[in-house]
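Below, chain A partners chain B and then partners chain C, in two separate complexes.
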Partner chain A sequence: MAAAQPSGGAGAAQASASSARNFLAYRWQLISLPIAGLVLVPLLVIFSGWLNPETETWRHLAETVLGELIVNTLVLLLGVGAGVLMLGVGLAWLTSMCRFPGRRFFDWALMLPLALPAYVLAFVFIGLFDFSGPVQGTLREWFGPRGYWFPEVRSTGGVILVMVLVLYPYVYMLARTAFLTQGRGTLDAARMLGLGPWGAFFRVALPMARPAIAAGTALALMETLADFGTVAVFNYDTFTTAIYKAWFGLFNLQAAAQLASLLLLFVAMTLLLERRARGRSRYAEGSRGGQPHRIHLTGWHAGLATGAATLVFSAAFLLPMLQLLAWAWDIVRAELDARYLDLLLNTLMLGISAAFVTVTGALLLAFARRYQRDALTGAAVNIATLGYALPGSVLAVGIMLTLTGVDNFLQSVARGFGFDASGPVLTGTIAALLLAYLVRFLAVAFGPIDSTLGRIRDSLPEAARILGATPREVLTRVFLPLLSPGILTAILLVTVDVMKEMPATLLLRPFGWDTLAVRIYELTSEGEWERAALPAITLVMAGLLPVLLLVIRSARSANVAGRAERT
Partner chain B sequence: MTKISAWPLLIMAAILCIPASQAADDIVVYSARKEHLIKPLFDAYTEKTGVNITYITDKAGPLLARIKAEGANTPADMLMTVDAGNLWQAANEDILASVDSPVLDKHIPAHLRDPDNRWFGLSIRARTIVYSTERVKDGELVSYEGLADPSWKGRLCLRTSKKVYNQSLVAMMIARLGEEKTEQIVRGWVDNLATPPFSNDTKAMQAVAAGQCDATIVNTYYYGRLLRKEPDTKLAIFWPNQSGNGVHVNISGAGVTKHARHSEAAIKLLEWLSSTEAQNMYASLNMEYPVNTAVAADPYVAGWGDFVSDTTNLGKAGELQARAVMLMDRAGYK
Partner chain C sequence: MTNLLTIDNIRAGYNGHSVIDNFSLEIQEGELTCLLGPSGCGKTTVLRAIAGFEPLLGGEIRLNGKTISSSRHTLPPDRRGLGMVFQDYALFPHLTVADNISFGLHRRSRREQQRIADDMLELAGLEGLGDRYPHELSGGQQQRVAVARALAPEPQLLLLDEPFSNLDVELRERLALDVRDILKERGIAAVFVTHDQHEAFVMGERVAVMQQGNVQQIDSPFNLYHEPTSRFVADFIGQGRFIDGTMVGAGTVDTVFGELTGNLTYNYPVGCEVDVLLRPDDVMISDGGEYNVVVSDRAFKGAETMYTVRLATGEEILSLMPSHIDLQVGEETGLTLSADHLILFPKEGTRT
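Showing the complex of A and B:
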């Protein structure tokens, strides 16, 4: 416990500071290890697939499709990674650091694509732009069947484009939070020292935002790896395809679990390398807060900024929403009934309570890593944030197997005591669902919170302690206000992600208890995409609520944060 | 912060109190057939008998894994799927009970149920050829195998091989023609593709209508749905292999679980679902064909014409599915 030992030559101030740390350090392992355990058990269940090696399935995959799938997956990762970095960081810089027409609108509007499930955008895109769609249909009317050129929509480029448009908000939101909390001091200093606006961006702002940008990109890439719905709509085969092929096609859940655990190892290694590469550099905030001086864009610069934001917003949100509205228009009278209110309430309730549980868990983990810098805590935190990289159905089955294992145990115990134990205790309860969401979405909450926490210098809480604040006051008056942009981002991301989540919700929900995502599944599973427009739109509307919350609160918390830093 | 922190806890407490389980004497169904196709039937059954039915829907794979994991404690009395392959696999994993019921034997033709009575077909889904009435000439279409002929080069559209309907189709071809011959045919299909395989049947038909290709293989109810919405579409159904083994059919169906708590009630429900009364609704809700031969198909569906269908037992579709998947991988059918 290195953190607990007083550093050499302790003066009164340092001793007091280290006792503050000592207090905060007291329970961290007891907290971080159980949380990691919750994630670890389902993962171990999946890894246990290796107990029965499946040579035949492996040989078949290796001889036929596996090589191509791996190449496809890497190409997709590269394309999506480059795309979300460019769009996410670029747009975040524009909306948080510059001034151009429409900035205040795009600042929040560019988060909206997050509320749209990726496979829905994929379906809309193919519907509109493929050979049989209205766009190419019109072109054929004008120019004849062979008289025009159009890029192949169902292609590598197409699937990358769609995934970038859906996933860039992760980078956008985290980078935006980072830029906004950088404060103006650092950037002003850079400018005063002779850097131009571009120099200040590339040499100061960007490196300082690196943990946030890396966390956002990692989320986008983990979702890309785990995705099945979007690539299935494009019939673009990735490593996930092999997992589902082994399970549903070859009836071999063991082999599917083995493939999935390899995917997990790959993600764990990559994350480890990234953290290594970032090394021991700290990214503490070095200046007083306050809104930065925005760079005033004029002339064609401003036009370009507005144009880029408009283009992304239209392609990722406006266009698919219009298409969904057009579809929903035809069926709304036949389909919209009182059940939709239930579906909406269920969805919102799940999203919000899961966000509460998950964000709390992520906060505890982030503090644990800050105050307990040993290998065990580090490993616990790393494990706890792996759930997001697994294909949803595989993780759902891992969790289901864990829960039924506990249920079966409880039932046999109950019978041992002579009770008539009928029905499962955990499986099919809301509590089980929340646990599943915690396992799956801890990474999503941890990213924004940890990258915000990393920017708070140790000297701030220490100073607060010296000035007589109790540990509780340090938490509520120093940490939480400074963390609030990260916490809000985490709440928004988890709420929206949970509302969109399908596999775990389907498998673990209580009987007769449906959500909007379940309804979308019911309709799309047999190809009735047009009818799915109605629950999809309702889902987007539900997703708007947390976005609005974030917009309102982030405006207010900017002031609070400024005050707290000056305290 | 401290002031509001009690609220989430209260809300959580309220949520956790939502009852997890069903009433003790409800029949519990795990269904891969979607809700709006089963709920009207369940409601009708409840009204008639007073027996309640609770259910959850999901894909067959996860539901099967759940029943298996729950073991003797499973609440599930019945598993419903939309293809024979998954029912065969459920029987293979020993989670379905053998049901002796003269009623089911009478209502359901032998090739549409398990030889050991562990699963039963409840509706027939015919997978046939749909073609462009503008560009396909009489006599060009004969059979599924015929679509591998070089005369179809650049004229064929297909749905992905990852869909179980195509896996069953190819599995049944393996049963009939052997692996070598079937692989040649599938390679022929792949050579003839006008564009990479589609993710669903409707998209494949729309491509035929738009002129990207001339024919495709789909389940008839997708054709019905498309034509109901756009009656002017220049597409028609062709029934292949009529002088041979007949059209490939699959089923949606169900079985009673081995550890069912309400086994007798579940069998009664199954018998009712196969009866004249229920079969009309069961099949026509999704423009499928009834399994019970005493029941006529929906008039709109019947309008597509009579056809000879394959009478090989559908258990083969499950038994040979893995081999079909591997074969299609080798042939480069994505």
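Showing the complex of A and C:
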């Protein structure tokens, strides 16, 4: 017999093992609580500004810009909300429930605009349609300087249009999935009960998809609130631009913090509205999947459907891509040099380092929730994944204030010991930036990792243990190989998100640490659209990777649903 | 001689609520023991305590005389040298069948891993499937891989948690017999948990019937069926009905069929009211029978038919007859008893 002889049993060994067990029972809280703290502390620091308000700056802000900021933000939210709802739900209905020429293509192609950062579409849009752009130039050639009318491009309508075109895919994707997973049973039932196709849509399909639509709209609105690059290009003042000006223009971090706390109120309001809109509805998916019977559109209906999808796809993806390529073609020889490659490498390095830190944090959180199923750990995980709701500029202010406090403390300690301590320790370092990315993108990494981990049944690690694997071996031989798809997805998502991130990077980056997004900001603020095209195309290429991953996944799940229907 | 495994008066549970209490069991080398009971009776908890997944609140578990679990110490599962087959098989989806089987052998040389994996594949009747992945196998094949994987490190004791419950009925019995033969051939002791008495009877040499965290009776399948020592075991194992009786002597009871005497003695006082267990296979019906009864229900089962017959007193009992004896509901017939084992329990509510 080769069975291992059990070697426990000695009294001393038992006693030490027992005290070790008491300690180990709390180890997951020791991990999850500090991670939650990383999110919570910057938030608290921002709101603590109100305990000691700088009334002078505040009054100045209130008298000058505050009213405009609030009105601008509300107008933007309303416009973008209405726009993404119309485009997102309408297109999702067409591609998932109807049949028209090009449906199969638009089904996935309409997700592609997600790859474009809003600020990229913004500068392409202005470059194309502004007074000096090619469109108005052509019009002038044909009709003379006063012979044509063109809407003002740098206007409220322009900002809203750009944001809607970039953000509608959130609603589109979630609504599409909701429509497809409703199964045809419920719709068939509605039709049998005497509803026409439109009646079935408005009275059954739409209410059933409401939670998904609310979630998609909320995502789009959160992105709108967090946006900095787009509104900056359009010179449309919102809280994010005001925070930037207060920080870099007036060097008044306190005022920036107070503006940030107001922006947070808008974020909280959006989240509350989503809860309200979703209501208590938690619709179970249709018991059996199966593709719905698609409504066959013919004649001018079909033409209208294809036309609408083509228009949105062209405006949101095709035309901007062509324009970017055209610009890049002109300047690629001049711009594609060692300096550019340095910049690219720098951005990639930053993205991958942030992904490593963030994925590690997400793994720890996911394991904490698996092995410590108590309310405290659950709350810690919820708080830690809340960071995604924090706009980058708010986060930057919170982290800057926190780290300044820590630095001051460290310096006073150092002086107490008689050292000459001047200059920052943490602020303005790469650590501050990585911390911001960790907080902001922890939820992005947590999603795929947690769902992959959730699919690993408890019996697998147990089987490994009883076959002689130590806890460490269970991690390396069972968990990590099984988690690798989730981990790779998380790394990809975080890397790309960090590469595209603009406001926090702009505010927190150490001197000289430029990224592609920062470069785009600098170039577009001087109106150099052509030169911005090269970094923009690079970002769009990177951004296409996760979108394509998403497209492939959803195609696969549609296939599974199709198979389930046939059997 | 020491036992292979001694479970000594253990208690286990969560948050002060004990799932098993005062549970004891001894297992000899090479012995197949089954824990049988309804769901929630704590049988899986016992198995997990043996494996080291469940800490003890009291008592001890000893393997080869060495304490492996007590309320103060739990030897980690990886240092117990046991094998376990899980209810969901717990095959590693990222490993091939061969790699699954050699998972517990990774401290040995690659050549030896290969040799043992080949042996186990042959033993389990899985030749040529070593390069497949678990999801490419049928349920029965997955089950065989799970058994082969658990046996590969040559454990002295194999634990099986409802190992056949995910298979269809026909496959279940064949696999149970295969597994039993492999274990007996290699002299490996096993503890397995099930709620299915047929499975328990096929595989278990000794069956421990459990209820609410306690052992009700440990015995051979034959004795559990024919000589249950508690009303719970009598109800849980097999079918049967109770009729009224009154004690008239140490082994004799007066019933509607007159005085009956079995091969067991009971020390209930004379005159004590008792329930008498009649198994369907103890009850023969035919036209020449001693007592007149009426067929009140029948269930055709292929080779046999289970009849429910009504006595003159209105009591109903079961009779299992070869199915060529074909009586219709409402037909009158005769009844003969052929019970060697007379099983009595005091009437509910009376004290002995």
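Please note the rule applied: the second predicted complex is superposed on the first by the 317 of 567 C-alpha atoms of A that agree within 3 Å, B and C clash if a C-alpha of one lies under 4 Å from a C-alpha of the other, contacts with A are read in each partner's own complex, and residues count from 1 in each chain.
The rule is simple: a residue touches a chain if its C-beta (ideal position, glycine included) is under 8 Å from a C-beta of that chain, and two chains touch if they have at least 3 such contacts.
Note that this is a predicted model, so its numbers are computed, not measured.
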item	value
Which partner, chain B or chain C, touches more chain A residues	B
Which of chain B and chain C A:Arg465 touches, first, second, both or neither	second
Which superposed partner A:Arg457 touches (first chain B, second chain C, both, neither)	second
Contacts of A:Phe234 with chain B and chain C, given as first, second, both or neither	first
Which superposed partner A:Trp247 touches (first chain B, second chain C, both, neither)	first
First (chain B), second (chain C), both or neither touched by A:Phe419	neither
First, second, both or neither for A:Phe150, with chain B first and chain C second	neither
Touching partner for A:Leu482 - first (chain B), second (chain C), both, neither	second
Touching partner for A:Phe511 - first (chain B), second (chain C), both, neither	first
Of all residues in chain A, those that touch chain C in their complex	1-9, 13-15, 17-18, 457, 459-460, 462-470, 477-478, 481-482
Chain B-touching residues of chain A, taken from the complex the two chains share	60-61, 64-65, 126, 130-132, 136-137, 140, 145, 154, 232-235, 237, 241, 244-245, 247-253, 349, 352-353, 356-357, 393, 396-397, 400-401, 404-405, 407-408, 411, 421-425, 427-431, 476, 480, 503, 506-507, 509-514, 518, 521-523, 525-528
In the complex with chain A, residue positions of chain C that touch it	51-53, 63-64, 66-68, 70, 72-73, 75-84, 86-88, 90, 92-94, 103-104, 106-107, 149-150, 153-156, 159
Contact set on chain B toward chain A in their complex	1-2, 8, 11-12, 15-16, 18-22, 24, 28, 34-36, 54-63, 65-66, 69-71, 73, 75, 82, 89, 92, 160, 162, 164, 167, 195-203, 206-207, 209-212, 222, 225, 261, 286, 321-322, 325-326, 329-330, 334
